[in-house]
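Each structure below appears as structure tokens.
Below, chain A partners chain B and then partners chain C, in two separate complexes.
And then the complex of A and B:
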């Protein structure tokens, strides 16, 4: 939420795209994609992460099952994650899943109420993947991507 | 025949090209029309089928989505009715037994309408006033689907699916409901398939749209006449129908299907404008192409037409020129260029026709042969242009004298011929001839001077003077010669006797042509005596013709023919050469020098080569010019004074002597005689003949001699036959005499003897005269 406000402020202060992208880059560092520390997977590209979360892919590169976990709808981390990783607004994500569900081609990821819960779930199950605020990262999880 | 003609016309470019153009245009536009119609139909069919297929897919999706919701409702209802109300939702949610709360909100309301549990914070906390609640409370047993209540400010419409919750005692204990965004049901809208103005919608049997999407535009609550939208035909047919949707006025291929066991129908529409846009674009392209092709075709046909028109025009012009040329050539072939009268060929053709007609009709006909008198003189003195002008005027006058039915033609030179094909009596021919003579006798104005000319006309009559064209013309010609002989300026009818004369003339003419080569000519010489001394002073060369068949022909007979035919020129040259050579031969024999006199006719005199011929002959014979004396007639002098003077002067320059022959019978006056450089006059024998008997003649001869002496001319008397005549002449002091009294003309060898006899300087005859 803070990041969003800041973003808005920055955007209103300086319309220049370069500054905006620097700001976004900085903000991106706030929420990170994570997997269990027990998961043998070491690296995953942003695209691979997004595909798993949008239900387009259900496996890690090594072929093992990948189960995405979402934070609660409306949470700052969730909105930030989809904005930064998939370039989608909350409404777009919702519309996306509406269509997937309606056409019967998939189900949205399971939800957990907050980052702390997500850290627990991820740490416990090696096949899961999720996202948390950078500040919550501990040794039970591995941070993916850049 | 008209059909064949019509077909022939089709092959002509100005019909053929437009016909082909119309045909090709018909093909182009027919093909275009068919193509457009076929593509249009195909596009419409494809849109209709596509609409139908999309509807079927959509139907399945909606049915499944609604069933899933109903399933969740039934599941919650079941769990609730078994387990009690409060824990159910959270338990089910924890076990992921409820539909994803990203889209669906599951809530439970108690019998009073208060929301007592919800997977997410509910939009309404109290639903007792809502339709769906009332329906379930009032004994609903089925799935109820709310009308789309508009949630203020959210910008979305939510649909409520609900089922009744029943307490164990069977009493109403509330409802379980799933709230879902109306957009969910139209989220399957794909612009790629449905376009910007397609339609995806769910229509309740109550005529209210639960959800409606067209492009990015979402709505709910629009109403429609359900019966109009969901028709039995729409249910069963394979194709959608094109109709204008009543809710937004867009024409769509609309398919609607009633959902099984649900109070809903799905409606799918494909905008006609959008679906057919590509085809319509294609149609426009086809129309443009067809128009372009038509324009090009018209242009080409126009150009071809223009070219063929020009070609035809130039071909027509060429043909016209050819015809005109042919007509001109024919005209030239049959007409005299100068007078535009028919020429000889056309005349003989027409005369031939007229002869045949006259024979059939038993008519008489006259041919008038006309020759101008002295035309050659006009031509020679005034030039050819004046001569041509004269001929034209004569032609005009001739035409004027004749009737329309008569024919006048120019045969060449100054010869004209007229045909009077309708002759009732011979007298008419004479009248016409007289008229012509009078017309020609009128003065002509040439080069600003008046000239008079006359004509001679010969007339032959069909049938008595000839039955064919050739004979008639020939006999008219003969009659014309008769007219000439009769002193010109008159006309003569042909008669049989004329023909024999003419035959003789023809024989002479052809004989003359061979006489030179055949060496049939001889020269005889007649001596001239000095009347005082009695000595021979000169000779006159006289031409004799020894014809192999006719014998000796008198000069009187053939000179005229030779003159007319022009044969006189070569003959004359032979005479001059022979005479000169003979004269020199005598000199070489040691005989005394003699003057050699040779007669010249008019034709010879005016011959343009006369002077050079004379020069050449004198040079060849090596004879002194003053020994040559040319005798010309008095009448010749007066024909063209100017020209004659010029020639005479030239002759004098050469040193040649000139004698006037037959002096006294012409018209020359003393004064005119004076201007000519003449050396000698020879008194005509008619004056000499009667001097012994006629006193008047004596005076006349004497006067001529006196006059000659006055002018210092040598005077010669010709035709002296008697002693009396000689005596008289001596008395009058005539210079020389010539005649049978002394010697008649003799061949050269006899003359040689005569001359030799005179050599001892004692001439018996001369002595006799002197003694007398």
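And then the complex of A and C:
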């Protein structure tokens, strides 16, 4: 009986721990839009970022070409980026690109597998724009927006 | 023309595939993708068929209690990016054709050159951008509804044109303005009651579209024109030509062939993410026996996570006269007068085929997986007085002006 109670207590502790770590994971996964530190652009509104990612605009405010980079489909960072920046669920983003692709009007942004890869690509090429977890940000990139 | 298009496109796609091996950098050299719908539709009206466009020979109601033919289709698309500027697209669709086969047809086959990120030109078979979602009307996954409102979308049932198009995007303040010009021709076949197909040709087609996007707002203006040639009315017109100047005047008034038909459309949508509202109005003027129609719809939906219920109201009405006195038979010898009365009756039967109807649709989209959406839609269709609406295969016992209920279930996917 006592052993059972103990088990129950342990189980509920484990459950609480799991919930806490998930919550912590969410908090740590705050996604920010980034450009290369070498890019002369200093500020970009949320709307400007979204237009570049949805293929509605292909330039930075200074007129130079902007190339968006996506993280892998289904990744938490990608889903969070589109939810927070564009107000679009993964399904809405998929439906949006289906329309563009199957009407021959364009192709979605090139993809990289994760945030670490994205950091490398963005840091190296001044024309690109991407998004990574806040925790990955270093001096090779500049953070834009919220 | 079709075979040639396929051959050219296949050749270009092969080049694209070869380019992938030569250089596996970005953009991807060759992309194979597709979309489709598996649908079933039921209609309460058993004396006519409910179809998704006027090129379908059968549908739900008379032909089938539950019809898979209304919405089901499968499309495969190959895109080859030969250089960062030059790309080729070939899209094949298998759906119910005018002859009741599912033989795949080339929906699009074009070569695109992207001169700048904001300016491109395409040559080949291109989607006709006459309505807001016209070039994506068959991509169920891309749209909230089971199908775009028929009242508006059946005004111009064509989805592609063989020719050239240019698109230029210009930012104006915080808004993006995209101007698109399309010029081309189209050859299609519509089903005939005795089986087989009647040729429907459109020549000298020009479409001008201006799309203004700012934030959550999209406004779209479109103008289209073209010269139609529809075989089915030829015998009737030939008949009238037998009656001298009087007959020639009637041919001049009603003959569709070679006459300029024009289309004017306005659309707008507001989509902040959690909900949307969208509407379109359009008017087709043919100045001929097929008449003039205007139509509009208004639709809104709310996104509860993966679940999007929506409500739509759509209406179409005939703007042209539904009858004509025809030939004056008073001075004709009795033997000829009989034939003249027959022609008059045939003319008035064509003019009297009213398509007036309105529909209230209630439905929901459920994004069950990342690539798959399930939809369920209920339509309450009211036909105008003496109207057969947009229904096909009208049977002798059909009551014009009646109401019907349509239930549609579909699975839309992309890959």
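Just so we're on the same page, the second predicted complex is superposed on the first by the 116 of 146 C-alpha atoms of A that agree within 3 Å, B and C clash if a C-alpha of one lies under 4 Å from a C-alpha of the other, contacts with A are read in each partner's own complex, and residues count from 1 in each chain.
FYI, a contact is a pair of C-beta atoms (placed from the backbone, for glycine too) under 8 Å apart; a residue touches a chain by one contact, two chains touch by 3 or more.
Predicted model, so just to flag it, every value in this text is computed and none were measured.
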| item | value |
| --- | --- |
| Clash or fit, chain B versus chain C on superposed chain A | clash |
| First (chain B), second (chain C), both or neither touched by A:59 | second |
| Greater chain A contact set [chain C / chain B] | C |
| First (chain B), second (chain C), both or neither touched by A:87 | second |
| Which of chain B and chain C A:138 touches, first, second, both or neither | neither |
| Partner chain in contact with A:73 - chain B first, chain C second, else both or neither | both |
| Touched partner set for A:99, first chain B, second chain C, both or neither | both |
| Partner chain in contact with A:124 - chain B first, chain C second, else both or neither | neither |
| Partner chain in contact with A:47 - chain B first, chain C second, else both or neither | second |
| From 200-208, 362-370 or 470-478, the chain B stretch with C-alpha clashes against chain C | 200-208 |
| Residues of chain A contacting chain B in one complex and chain C in the other | 73, 94-95, 98-99, 101-104, 107, 110 |
| Touch list for chain A against partner chain C, complex | 47, 51, 56-59, 65, 73-74, 86-92, 94-96, 98-99, 101-105, 107, 110 |
| Interfacial residue positions of chain B with respect to chain A in the complex | 61, 64-65, 96, 99-103, 120, 181, 183-185, 187-188 |
| Contact footprint of chain B on chain A as seen in their complex | 73, 94-95, 97-99, 101-104, 107-108, 110-111 |
| Contacting residues of chain C [partner chain A, same complex] | 26-28, 31, 33, 35, 75, 77, 79, 81, 89, 91, 108, 110, 112, 117-118, 122, 126-127, 133, 135-136, 139, 141-143, 167, 171, 174, 176, 213, 215, 272-274, 303, 305-306, 367, 370-371, 373, 414 |
